[in-house]
Amino acid sequence: MDVGFIGLGQMGSAIALNLVKSGHRVVVYNRTRAKAEALASQGAEVAESMADACRCPVLITMLADDSAVEAAFFGEGNGLPALGRGTVHISMSTISVALSDRLAEAHRDAGQVYVAAPVFGRPEAAAAAKLFVVAAGPRQTLAHCQPLFDAIGQRTFVIGDKPSSANLVKLSGNFLLAAMIECLGEAFALARKGGIEPHLYLEILTNTLFSAPAYKTYGTIIANQQYEPAGFKMSLGLKDIRLALAAADALATPMPVASLVHDHFLSGVAQGAGDSDWSALARLAAGNAGL
Amino acid sequence: MDVGFIGLGQMGSAIALNLVKSGHRVVVYNRTRAKAEALASQGAEVAESMADACRCPVLITMLADDSAVEAAFFGEGNGLPALGRGTVHISMSTISVALSDRLAEAHRDAGQVYVAAPVFGRPEAAAAAKLFVVAAGPRQTLAHCQPLFDAIGQRTFVIGDKPSSANLVKLSGNFLLAAMIECLGEAFALARKGGIEPHLYLEILTNTLFSAPAYKTYGTIIANQQYEPAGFKMSLGLKDIRLALAAADALATPMPVASLVHDHFLSGVAQGAGDSDWSALARLAAGNAGL
Amino acid sequence: MDVGFIGLGQMGSAIALNLVKSGHRVVVYNRTRAKAEALASQGAEVAESMADACRCPVLITMLADDSAVEAAFFGEGNGLPALGRGTVHISMSTISVALSDRLAEAHRDAGQVYVAAPVFGRPEAAAAAKLFVVAAGPRQTLAHCQPLFDAIGQRTFVIGDKPSSANLVKLSGNFLLAAMIECLGEAFALARKGGIEPHLYLEILTNTLFSAPAYKTYGTIIANQQYEPAGFKMSLGLKDIRLALAAADALATPMPVASLVHDHFLSGVAQGAGDSDWSALARLAAGNAGL
Amino acid sequence: MDVGFIGLGQMGSAIALNLVKSGHRVVVYNRTRAKAEALASQGAEVAESMADACRCPVLITMLADDSAVEAAFFGEGNGLPALGRGTVHISMSTISVALSDRLAEAHRDAGQVYVAAPVFGRPEAAAAAKLFVVAAGPRQTLAHCQPLFDAIGQRTFVIGDKPSSANLVKLSGNFLLAAMIECLGEAFALARKGGIEPHLYLEILTNTLFSAPAYKTYGTIIANQQYEPAGFKMSLGLKDIRLALAAADALATPMPVASLVHDHFLSGVAQGAGDSDWSALARLAAGNAGL
């Protein structure tokens, strides 16, 4: 397929490269052009402008946050007008439910098709084409896009025809991760104050009740107390939990653990740990216990 | 070995039976004698009194809670005096850190040896000899008891020589389970209010980030909204989170998620759901969202 | 003075009337014209349009929420262009810090002067000209407006020259009220379950430690368990706590009690109590205790 | 009346002295005898032993906490046997509901009469005989003791005939104070980060909605950020909130703000602030906001 691709951060670059490798023609655009050119040698075409990338029948965007997506599609000189009627826009960014709804409406008004397809997985998984894709939008369009999802992920989950429901799943998943980190942080603080060796404690948890990779990944960071460099920054964790809480507020769903995690992230950021890994929640928990 | 065994609830009976099957001589005692006799046909000897069971060189206890253990070892007519010098007492009950410390001291004063060896696993795991044993006490004694642990579990984790540290691990593990249930409850409430099919949501979670058995077990109950009959009662969940908080308080470790879960359990019990499965935390979360 | 006045709800009507009584010429406008005409017989002039009201050298607005203010000043056909250079806009509405900042900038760009002057007090206090005015803006302008504040309130507090700081004080005050209600709700639930007569309990509190009017007002509602009709609706309480949390988030200030109160308001609204008095937080607390 | 008095801390000494001043014969006992002798010059008689003080027909105790009361009445060589049949024991200590119930039972079994009469007020109020007495017990006994209460306080509230209900009122009152401090702490942190002068902020609060003395007292400490020396230590605040939560747990009443305050006190103590004033909760809130 011919695919425009906007947003070449760590995740976006890995995804675009896998599309190229699978034989798709990929026209890449990034505000900082150097990142686009890095992909040129591997077979991607570099767009001269955002509008250029928008001329393909399918456009994939992988942008940092709501404001980047708003700038790209609703700001001055935005790309929306450059998209032809019938163009499919696949938004892979982790954005708010509200913005996803707004995009769906804007694209519908412009005769375009909007699909939300956020992904689960860290950069390593993106590079290995092992992402999990959570997709929602018109069923026929999703089927049409499946080869693209197959090129970048190990499995696709189709949520339904309302695009923002995929964003809701993504945000709730990030809430569950952050909440798990908070809980681990409290448990490790307790274990450490009780004189239990953290790595032994981790071994028990991950070999008995909690054998999921997420527990191993974050449990190891916490046992090692090594929160820098960040795999995923606390400031981004704060952003995502804000979006989860905004969605919950709009749906009148109290999420007390999400509120608590939000407050702890906020405290971490206020105290200067915004660039630490989001699992530094556990450092806050330890600090609150006087460790 | 010759083993006395006190406490033949669902877990205790399964454990005692596996000891018998492994060739140990097991003298069982239960306040309600019928439960002891049920094991007689399978090779256990039935003790006439608690003191009878206490005459073996190793005594295992698997009692319901702190007050049952207190009655057995510190109440009127308790079994402590019947234990000979050098007897090993292995306490598998989920009890408080404080009571475990008190037992350790009492046994030491009486020239006996105390080991704490609580287990992770539901009754099915106990029946299949697939428990995880978390043991702490004098290292030599633990080595001596290893055949017993092997007869009932799939793996033993040795925490150290302070018995109550095993109880702390057990309680913190139950905290992590209860906290996971709370978080799942909030996430499912959000997903349901957002129109996402709960079983699809569960499939995504357990096939991506959270592939641990605990998420599958409790996620399925929550997606099915089937909290009766209880696998583990909410009233017992409340008891365990109380013990975790008591340990945390004594160690000056704030555990805000544990506090939150405690309050929700308390609410569930106050509203009459004490006999529901502890995962009915998710029903409370749904109710708070107006579902 | 010549004063335009937009927004004649319960609070706005009482305030406008007191301005008339103090001898000011007041040109009133309300989307629903009937409310404006009700004031005509008492000496107010009824504006034909919002623009009419905007022609006075001072404009006071008392609107329901952010969206009403946004519609009036940033929406289609908004009143901003009708305000002449040098006009003073006094916003008494309880709005977000962010919107207040946006208004300040827009008015500055248009050569107008913006003052935020939210008030504390229920409708009875407004009718009796006993409000507390919390004002912020250019000091000279505030001095010029003082006769207006004197006409409606018993005391004016000047916060500083940044208008939104007055909104922050107002929102934090509403947080403190909501938090006090939550705490009273928990304490009354405990007392009732302990068999203590609620009115006796109230008498003790308000005659010893908590002799403030706020405790008497809300304690009486809670002791009587009479949450309808609402003096201030829970849905509005939810709105205000949302604004407080948004301000706190922007200032990186964790407010865990505000988060908790937000979740409880959300639960109340989700369960259909949005039109009850916001003190029905106490009914939720009682319900959580099984009362 | 002839009154024995045990426990001459800051509060107890002031209370005993006021009893002497009112013409009662007061026999004082304190573990550290020096404190008793200090009162001798002012007219109190010094008991040679606890048993001595117990010989009066009325015994008042004002001890530090549960363990001091347990030692005095249930420990080795305790005073209970020295109390004659018909003796009235008035316990003014802030103790747990459970211990108060236990005392009631023990005294009943011994043919004695037990009254709980905890007080509200800081040492200055005790010195000025301006305490509030919260009393519960047999109505006739309370009437009989009224002259004693009149000698030490400005007003007596009679809760009912179950002594521990007075303790429940006292503990819930301390919860409300601690919760108020927490809420003020969050609000001041927000105000300070928003650039609002703390003393101005305090002036607004205490002159509008929150004119109660408690807000003035603690608001001033918080605005001044002067948490040492302590008027009431954080470690004692933690003790009292623990007792409130224990009572709430026993009555199946979730108190989420109490849980939150408990966790913050615990954090304060873990970080070494146990000897600071309990209003240093506000310092924690400020610290969490990066101040």
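Read from first to last, the chains carry the letters A, B, C and D; within each, the first residue is number 1.
Rule of thumb we're sticking to: a contact is a pair of C-beta atoms (placed from the backbone, for glycine too) under 8 Å apart; a residue touches a chain by one contact, two chains touch by 3 or more.
Treat the numbers as computed from the prediction; the structure is a model and nothing was measured.
Q: Name the chain pair with more contacting C-beta pairs, choosing from A-D and C-D.
A: Pair with more contacting C-beta pairs, A-D versus C-D: C-D.
Q: Which chain has its C-alpha centre farthest away from the C-alpha centre of subunit A?
A: D
Q: Whole-Å distance, subunit A centre to subunit D centre, using C-alpha means?
A: 53
Q: Would you kindly tell me how far, in whole Å, the mean C-alpha position of subunit D lies from that of subunit C?
A: That gives a centre separation of 38 Å.
Q: In subunit A, what residues contact two or more other chains?
A: 248, 252-256, 260, 263, 267, 270, 288-290
Q: Which of the residues in subunit A end up touching subunit B in this complex?
A: Touching subunit B: residues 97, 120, 132, 134, 155, 157, 159-160, 162, 165, 168-169, 172-173, 175-177, 179-180, 182-184, 186-187, 189-191, 193-197, 200-201, 203-205, 207-215, 244, 247-248, 251-258, 260, 285, 288-290 of subunit A.
Q: Subunit D touches which residues of subunit B in the complex?
A: Within the complex, subunit B contacts subunit D at residues 242, 248-249, 252-256, 259-260, 262-264, 266-267, 269-270.
Q: Where on subunit B is subunit C touching in the complex?
A: Residues 263, 267, 270-272, 287-290 of subunit B touch subunit C in their complex.
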